[in-house]
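Each chain carries a letter (A, B, C, D, E and F) given by its place in the written order, and its residues are counted from 1.
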Amino acid sequence: MKRETVQVLLEALPYIKEFHGKTFVIKFGGSAMKNENAKEAFIKDLVLLKYTGINPVIVHGGGSEISSLMNQLGIEPVFKNGYRITDEKTMEIVEMVLVGKVNKDIVMNINLHGGKAIGVCGKDGELLLAEKETKYGDIGYVGKVKKVDTTLIKGLLVEGYIPVIAPIGFGEDGTSYNINADIVAAEIAKSLEVEKLVLLTDVDGVFKDGKLLPILSSKEAEDLIEKNIVKGGMIPKLQCAISAVNSGVKSVHIINGGVEHALLLEIFSKEGIGTMIKNLEV
Amino acid sequence: MKRETVQVLLEALPYIKEFHGKTFVIKFGGSAMKNENAKEAFIKDLVLLKYTGINPVIVHGGGSEISSLMNQLGIEPVFKNGYRITDEKTMEIVEMVLVGKVNKDIVMNINLHGGKAIGVCGKDGELLLAEKETKYGDIGYVGKVKKVDTTLIKGLLVEGYIPVIAPIGFGEDGTSYNINADIVAAEIAKSLEVEKLVLLTDVDGVFKDGKLLPILSSKEAEDLIEKNIVKGGMIPKLQCAISAVNSGVKSVHIINGGVEHALLLEIFSKEGIGTMIKNLEV
Amino acid sequence: MKRETVQVLLEALPYIKEFHGKTFVIKFGGSAMKNENAKEAFIKDLVLLKYTGINPVIVHGGGSEISSLMNQLGIEPVFKNGYRITDEKTMEIVEMVLVGKVNKDIVMNINLHGGKAIGVCGKDGELLLAEKETKYGDIGYVGKVKKVDTTLIKGLLVEGYIPVIAPIGFGEDGTSYNINADIVAAEIAKSLEVEKLVLLTDVDGVFKDGKLLPILSSKEAEDLIEKNIVKGGMIPKLQCAISAVNSGVKSVHIINGGVEHALLLEIFSKEGIGTMIKNLEV
Amino acid sequence: MKRETVQVLLEALPYIKEFHGKTFVIKFGGSAMKNENAKEAFIKDLVLLKYTGINPVIVHGGGSEISSLMNQLGIEPVFKNGYRITDEKTMEIVEMVLVGKVNKDIVMNINLHGGKAIGVCGKDGELLLAEKETKYGDIGYVGKVKKVDTTLIKGLLVEGYIPVIAPIGFGEDGTSYNINADIVAAEIAKSLEVEKLVLLTDVDGVFKDGKLLPILSSKEAEDLIEKNIVKGGMIPKLQCAISAVNSGVKSVHIINGGVEHALLLEIFSKEGIGTMIKNLEV
Amino acid sequence: MKRETVQVLLEALPYIKEFHGKTFVIKFGGSAMKNENAKEAFIKDLVLLKYTGINPVIVHGGGSEISSLMNQLGIEPVFKNGYRITDEKTMEIVEMVLVGKVNKDIVMNINLHGGKAIGVCGKDGELLLAEKETKYGDIGYVGKVKKVDTTLIKGLLVEGYIPVIAPIGFGEDGTSYNINADIVAAEIAKSLEVEKLVLLTDVDGVFKDGKLLPILSSKEAEDLIEKNIVKGGMIPKLQCAISAVNSGVKSVHIINGGVEHALLLEIFSKEGIGTMIKNLEV
Amino acid sequence: MKRETVQVLLEALPYIKEFHGKTFVIKFGGSAMKNENAKEAFIKDLVLLKYTGINPVIVHGGGSEISSLMNQLGIEPVFKNGYRITDEKTMEIVEMVLVGKVNKDIVMNINLHGGKAIGVCGKDGELLLAEKETKYGDIGYVGKVKKVDTTLIKGLLVEGYIPVIAPIGFGEDGTSYNINADIVAAEIAKSLEVEKLVLLTDVDGVFKDGKLLPILSSKEAEDLIEKNIVKGGMIPKLQCAISAVNSGVKSVHIINGGVEHALLLEIFSKEGIGTMIKNLEV
């Protein structure tokens, strides 16, 4: 370590102090997961956060890996309003890929970088009770969250583990449900009443008139949706953010997971690199 | 509850007293897993054990489900000396099926019957460090156990959970290894220094001259192998049993998982239904 | 254990689950105490409850043993409105018999059957502050409960003991008081806010028009008293039950202690064998 | 409080410091129990000890009360070698009187003076496993200590209670045994590895040539017995003391319980008022 | 210890019982500190209190030692309205003398008498946040208490230490402030919600018409100030007492620290030797 | 935070992982204390260490501040073999300056930078029992360490505080002793069995033939002394280092405290900036 670099380390100190002992829920998915460099940078960031006293909880997606196995099995992925139409066979594939491949791959990577990770899905310890999502008609085993029981997650955090959660829920009869990872992350963040919810996406944040908005109140975020300024996949992300902020999460960050070390760049600096949504009135 | 049946309940009392607060590692696989009635009976037995103060830890197999997905993907399963030759693609399938399907199916079933289960594999919390098994030449990603770290399992037991373990290990570089479930069960039993290791198989126990042997010392078990009295798949099972008993596990039980409630019938009675291996000299 | 009998064991599972970790106060007296078979069956039931995770607290009577020693000492027992007229000499006999004989006999029996019991009276740890009962004039050292301090009982339960309580209270000047065991059981049940209060009596439960009433709301129980449908010794028992249910005890059971295993038959079945009083409106 | 009296209080300080947090087993019996003034003084001393951080454990006798009830029941007390010949009827009386009368009377007195006492006998929590004493032939239900389990006593001390123990043991089949209180006190002192064992007797201590011996090594105490210098009831007391000191009890005190405040006078001064036995060589 | 003196010890028992487990904040200063006999008597009293289960917290002054060092350094002490005018150099002297000399001298004395003391000032653990006192104009680094954080003190009490506090506060920029010790004692007493605040002064208590007032309500104390009955240095002391009593301190005692054992004489007797201020209406 | 700087942060990660949860004793003195920039850099380094999970314990000197007050008081400082000849008056000054000025100044600085510091000296909690140092004849109240009791320090570390220790010891009669801060740091490091002892000095480390030696075994360090290669003040420092390493301290670092951020530069890099002494044979 050279003299100049110590200075850099000390720049992070105010943020380390501020967030020491706090919990962050982080949705990991999209390019952050597909790009090997971004992925490794993300894992390193996680482990650094853990060692500086911040407790990360990871919720991951894995859409492209699912489609890949479906293709190998000769099944055509079909989407409706951004949701994967999920018949019984597809549900089985979703669960195998998310829980048995993507989740354990993340766990292994964290452990190799010096963290202690545990991978679970919504069935473990009855974490995510779900029910059928019907707002776009019958799209099969797509679920929404009915009840979150974070007893298991809290216990793992106390023991110093990094929980890694696959977004699979269970119905009251044991049926598996495929749930959107952003929604799962937001619901867990709300249930744990965390300091921050971070959503890694494939864009740099929320834009208006071609300009990135660094900070938004939940009220402003609602306006952007109402006035059709934000569109497509950003709408449900913003809705997650608004819902989280209104339920006690201190701030939500929408950042570009494809940027290496996006997580540290957002958290350990004043201006950040993406969009932060807060309840500014409070 | 009728008067006669109370008597039955009280028959179990001496066993409940004896094993209260003790831990049992149970290998669940074979017909017990394929036969729906036997499977449900097994789950119910587990939950009853838990409520009477015994701590079950489950290690499961899942060979037939693996072969089924391989077939769907057009890959021919190949075996050598009872081990599945496991190339990279096969390893991926093994992990997806065991961790993402079989494991979570057991977890869900236990929860539906009133237990609180958590499913993990050998990567979670660095439970099972593995290395390549080479005694039959290069058979790919088949592993053997190099080190067991039961910190996670102990923590889950203290919190009242039933741990359910998929027999996947990790190498020092993060490589996945497919490990025999009997071996994993025996290694975890040894590491936890448990009261009992129970291996559910497809036969009634160990036979000699056509007669079931209800009890064996580890010395006698060694003789049966040496003199070629036991053969085939029973040999590695007996070796697991001998190794466990010699390392401090109080007794090992080899029973027929296809018999409904085999677990309770073995544990809550004097004579049992299978073969018990103990260190009789002690 | 035979195959059919496992089924019986599993019948109890829903009740074991429901009452796991809960506390029951059980008044033990009358024929249950005098009939050796019923007594041994009761002790076995207690120990089974304890091992399945239920915490029993026993309050006992002992009237016939008291009268027996009085007779040996040439003192004539005299009763008024069901209360034993208790002069100083009688009080000394009551205390010696209940605390020094009946209580320790129960403690010893529980220990011999594998439980860990501790016998105490209302003086130990200032459990039962009493004052003179005057509603039927001066009947000597008959007391009523003025204040219950369950610190000691809670401590014993945490340590895994079965507390066995002799119904002797103390006045503010240290005077001993003889208190009705049903009342002591009800007051302790209220103070501990338990799941169940079970009163073992010599009849099968509460009857109306010659028919056993399996379930009663506290309101219905009050009506039965008001309309003179129940009579004699059942009236104070029902009053104890009503008072307990109205103060937060979930249910009160009046059952025939002379029936072997009455306790398990009542608790581990849907219909039970006696009368249950609940606050049905809640 | 006057100025001179503060000085007195401070005189006790070195002893309070020395014994803070230590446990004393005190055998209470004889004149200390019969003389009302000595008894009240003893109870006050106990409570003061407790408040200054010393943990007293009381073991009591009660011979004269037993004989009194036997006389009322027309039974003649018979003794042999200082032991009460104890047939079944006598054993019942012994237990009722010690446990149901003497013990609870001491408990009540301590509570009235501001302590928190719990009375138990050797059956509670399986404190005193006993077997028949046969060294003087068959003298009935007189027992000797076979095993001490102080789990219960330790738990009560942690909770701040003063345990009061009646010297009744139980045989492996549940039979009651009458055990000498000095022996019970010594065995409990040894099992708890206490600082002091104090035996209250009816004489001022151990004498030689008409002079009180203020301090004795266990070796000197053995000599006094061997050379017939001490006689009668003092012999078993000295044997208890020697056995206790040789098993790790720091010192044993034999003092005159008939002297008011004998306990404080012995403990809170350099010279004491009775005889102290220590392992001087250590 | 002689027989008569035991009686004396027992006289203290009711007070020991009453205050067992309670915390007292004691302001130590004036003649109590200058007179060697009074000082040693005070230290002994403290240690006795600690051993009888009372938790003393000491706040000390040290004016004369400060003036002495100032004189050696050729600086003339100047006072205004009873406050020492404190320029930067003086503040440095005040802090060195109070923290580095007086405080450690008290700590050492307590330890030599068998207590376990820890000396701290208002900077340690951010105990006393202060701000400039301006009510008498600019008198330099004289401070008043802005916020008390007793986390450290509570932790030390749990570990069994006697905290000894020098009345130095810190400003938000780290500036040192000299604060009146009576005020610090009162603020800490309020923050800890203690049983008693004891102020050792150089007079016997509060007088009216030449007569010592043994007890005062806070209302009466206010009247005495309003009607100019008390004067000079007693006014701020009474204001501290009133403020403490009105904020939940049970009683405040103003006693003459020059009297040997003033502390015990006040606390361990009914009438006391000084003036007690209580909220009599409650 | 810019992208390049994140990289810097991650460079520290391996060191943060390695030392997480470990304790370092750091001797702070000399130029590190006199140079305002170096001092502030040191304090920031400390706080960063604390937030990354390392527990620093500070021992400080303060020689120049002592001499300054002595000069103001007209006393001439006299040294012999590097020790300050310490008469009674000097000892008083040493204690006031170290405990009442230097110590609290460090505490205040740490708190202002976001740490939680507590300043103590060797008298608090009887941390440092000392005796007269006589190896250079009578040099007054100069002491050496006789016994270290780190109960207090361990308790403060558990509560999350940074202990700051002034090197003042106490004799068995309460006499104050002035002890060399390097020796105190080494003795505390040995008693706590810490990971690292860091000595901040005014030179860059240990030199041989004009070249800085980056690493030394304790054997090599002994040779350097024996062969007169190191001289003057470095000899006692090396002796402290050798003694610490031989008693279980993992490594000792001698670094130049005048270099800004010397602490982080030494700890968070492979090569370091000073000399490390280790027990290389182990």
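The rule is short, and it goes like this: a contact is a pair of C-beta atoms (placed from the backbone, for glycine too) under 8 Å apart; a residue touches a chain by one contact, two chains touch by 3 or more.
Which protein is which chain? UniProt says A, B, C, D, E, F = Acetylglutamate kinase.
These figures come from a predicted structure and were not determined experimentally.
Annotation, chain B (Acetylglutamate kinase) versus chain F (Acetylglutamate kinase): rotation angle of 120 degrees from the Cα superposition, expressed as a multiple of 5.
Residue contact pairs shared with B-C exceed half only for one pair among E-F, A-F or C-D, and that pair is A-F.
Taking each chain's centre as the mean of its C-alpha atoms, chain B (Acetylglutamate kinase) lies 68 Å from chain E (Acetylglutamate kinase).
Measuring from the averaged C-alpha position of chain A (Acetylglutamate kinase) to that of chain B (Acetylglutamate kinase) gives a distance of 35 Å.
Rounded to whole angstrom units, the spacing between the C-alpha centres of chain D (Acetylglutamate kinase) and chain E (Acetylglutamate kinase) is 45. In chain A (Acetylglutamate kinase), there is no position where the chain touches two or more neighbouring chains simultaneously.
In terms of which chains touch, the assembly is arranged as a closed ring, every chain touching its two neighbours and no others. The ring of touching chains, read from chain C (Acetylglutamate kinase) in the direction of chain D (Acetylglutamate kinase), comes out as C, D, E, F, A, B. Residue ranges on chain D (Acetylglutamate kinase) touching chain E (Acetylglutamate kinase), taken from their complex, read 1, 3, 5-13, 16-17, 20, 44-45, 47-48, 51-53, 114, 260-261, 264-265, 268-269. Residues 69, 72-73, 92, 95-101, 103-104, 107-109, 111-112, 116-121, 123-126, 152, 155, 159, 161, 168, 170, 173-174, 176 of chain E (Acetylglutamate kinase) touch chain F (Acetylglutamate kinase) in their complex.
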